[in-house]
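Naming follows writing order (A, B and C), and every chain is counted from residue 1.
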Amino acid sequence: MEKTNIPIGPQHPLLKEPLRLNIEIDGEQVLGSYLRLGYVHRGIEKLAQTRNYNQNIPLIERVCGICSYVHTTTYCRAVEELLGLEVPERAQYIRALMCELERVHSHLLWLGILAKHIGLDMIFMHTWNDRELILDIMEALSGGRIAHAVNQIGGVRFDLKAEHAEMIEDAVKKLNQEYHQLDEILENEPTLRGRTQGVAPISTEEAKRYCVVGPVARASGVDVDMRRDDPMPPYDKLDFQVITHADGDAWARTYVRLQEIRQSLHICDQIIDSISEGPTSVRARRKVPPGEVVMRSEAPRGEVFYYLRSDGSEYPARLKIRTPTLPVLGILPKQLSEIHVADIPVVLAGVDLCVACADR
Amino acid sequence: MAETLFILLIFPGIAFQLVSSWLFEWLDRKFQALFQRRVGPRWFQPLADMLKLFSKEDILPLGTNEFAAAVLPLTSIAAVLTAGIYVPIAGFSPASFEGDLIVILFLLSFPTFTYYLAGIISMGVYNDLGAGRALLQFFSYEVPLLLALSGPALMAGSWSIQGIASAQLEMGPFVLFQPLGFILAVVGLIGKLKRDPLDIPKAKSEVIAGSLTEFTGVKLAFWNMVVNIQAVVGIFLLVNLYFGWSDIAAPALAISVFFLESILMMVVLSTASAVFARLRIDQLAGFGWRVLVPLALVQLLAVILIGA
Amino acid sequence: MAWLKKRLALLLSLLDALIEGSETVSYPETEMELPNGYRGAIQLDPEKCTGCGLCARDCPANALELVKESKSDYKLIYHPARCAYCGQCELSCHRGAISHSNRLTGSTKDPDSIVVILKDQKE
């Protein structure tokens, strides 16, 4: 049979954000693919050089919609290191709490998208309904559901009141129940396992060679997690497990992300119990002394990497962001060979695309 | 003459089938919404969708065979409406004859063939994929469906649907004697209607809309009508073959019982849609030939042995 | 029994959904209450404002404009269409004069028609 080209083009039911994937098929077999990014490029790194450090915080927040808090946290930590500031402990705990809540809501969103693409609309609506619990907490804590705007250079802008802590505890309890229900469903649903098991496996050597990060790497047996290897201050005192799986196929990626929800909820519990009293921010100077710094964090999709260089003025000289979706997109053409056409949604969903992150 | 026109146009002809199909689509969407904790559409939504499609521009890509694109949906609708006339509604069957079960099963497979042809004549990538998948799926579910549906016919000793339905008045509903056959018939019906988990030819995330990707306007409205009317005719067929009870003396009781059984079948179909993920085409082919066909043969053997 | 419950987990969650009802809020008919800390449109306390311009300097979207003739003759203009609702102005003000209300800015076809003059100080 002759080869045809399917355009998973800028508009497609599979994609949340525009991306160009030309996939070559022969009947039901995928032969190869061609990837092109750049539809969501907004020039954030260049814009960051024309605004001062305070004005950059809302700009960095809009790099990505789902992992916005981690981006601002990493940026603020980079500037604080250049300034030589010591952030108060209460602020560190609050930052970790928001990061973990964001990880839970990102993984729930991802699970819904995977279920929707393989035809299980019930799980899609179920997980997105659970997400509303977290978004309501975010709205009460910070004033916005997705764009939180609570980080400042030197700490956080709001304080965790007692009623907020109670609300978070109730929500964590309910989310734990939902997690158990989801765990049972995913373990025992034969059609979902049939669609994801054995699909597009990545071996450990391939994952290391392509420098894959995040849950995709952990699902292939690469034991890397920035919360343990290069920890932000409260994480070295908290107790959690890094989940890995040996198979590296789409089912392994589902399993890893599901178990990470459980671990994040456990971390939230510990933070609420052990948060210390004190101020939530310190004052920061407007002019940053010259220097360069590299700061890494664990976003929901993997390791996010910031390089910041300043020349002593109020404006950054160079800001470089390496988001976790980029290396995973590097391994996508390899995954998209030798599979069925019906497996394309599963592979694309397993990558957890965040094209806005990749394009900046 | 007037009676023929009444049968063809009103009951159980075009008007009755159309209204039942709207009711079916509304119930299906409402159930799916309730399962997903949503509110769901209002009662006139399927009618509104049809009217909206009538008002859209009817445009096809360059190179499509326009005559075929216009004739195929009409042929499909004609086939399913004709099938609808022969299926008894609560015992009322204006034109039943010995062997009409076979004719109805043949007419109900028309939509699959026209779907395949619609994919072939359209220009575009997704159409060929969807069309090929539709035929491959047809080969996987049709054999178990036909084998399963022969069970009630053998047990009742008649190949007319009215005969099978009447036979259940003495013997009791066949679903109690052939539960395996009933499950196989439901699976076959899901495959014929191209519903989740067997909506492989029109999987939105893989082939966008399969053969119908390039159709809009009045033609798409007709294709949607075909799907819904086929669903309604299939449900009435299964209710007659497996639940029967259609010849009871009081017509009001017969109609209510028939109505309730149809609603029960709709609930079964909606639940099956909600609970399973979509299968892959090679998984379906394996499942169809390795699991469904042997089970259907076992069921048929049991029916023959019990009868003898 | 527990084994069966595990196998039918999805069906049981389906029954839960039927029993618990829908979670949809029919928005224009039901009133939605926004929490107190919701970041809505900007409001100014004119007593506390001194026209220093720190908010306008730090706004990332240039939504605040200070037209200053002298220390006692200035005008602070707010463009809701450009505002990113980030709260950076609230953070930068030393006197706590500017803050977010929890009102929503309505939609409009003409961005210039909703420009607000927050404070107009003459002498």
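One rule holds for everything that comes next: a residue touches a chain if its C-beta (ideal position, glycine included) is under 8 Å from a C-beta of that chain, and two chains touch if they have at least 3 such contacts.
What you see is a predicted model, and the numbers here were worked out from it, not measured in a lab.
Student: Looking at A-C and B-C, which pair shares more C-beta contacts?
Tutor: A-C
Student: Taking each chain's centre as the mean of its CA atoms, which one is farthest from the centre of chain B?
Tutor: Of all chains, C has its centre farthest from that of chain B.
Student: Which whole number of Å gives the spacing of the CA centres of chain A and chain B?
Tutor: 44
Student: Can you check how far apart chain A and chain C are, centre to centre, with Cα atoms defining each centre and the answer in Å?
Tutor: Result: the chain centres lie 25 Å from each other.
Student: Just the number, please: Cα centre separation of chain B and chain C in whole Å.
Tutor: Measuring from centre to centre gives 52 Å for this pair.
Student: Where in chain A do residues touch at least two different other chains?
Tutor: Each of 122, 126, 129, 189 in chain A touches at least two other chains.
Student: What parts of chain C, by residue number, touch at least two of the other chains?
Tutor: 10, 14, 17, 23
Student: Mark out which residues of chain B touch at least two other chains, giving numbers and ranges.
Tutor: Those would be 35-38, 274-275.
Student: For the complex, give me every residue of chain B touching chain A.
Tutor: Its residues touching chain A are 32, 35-38, 125-126, 128-129, 132, 196-197, 199-200, 203-208, 274-283.
Student: Residue numbers of chain A touching chain B in their complex, please.
Tutor: Residues in contact with chain B: 4-7, 12-14, 25, 27-28, 115-122, 124-126, 129, 189, 191-192, 194-195, 340-345.
Student: Which bits of chain C are touching chain B when the two form their complex?
Tutor: Of all residues in chain C, those touching chain B are 10-11, 14, 17-18, 20-24, 26.
Student: Quick check: in the complex, which residue numbers of chain B touch chain C?
Tutor: Against chain C, chain B makes touches at 33-39, 271, 274-275.
Student: In the complex of these two chains, what residues of chain A are touching chain C?
Tutor: My answer: residues 51-52, 54-59, 61, 122-123, 126, 129, 132, 139-144, 147, 149, 152, 157-158, 181, 184-185, 187-189.
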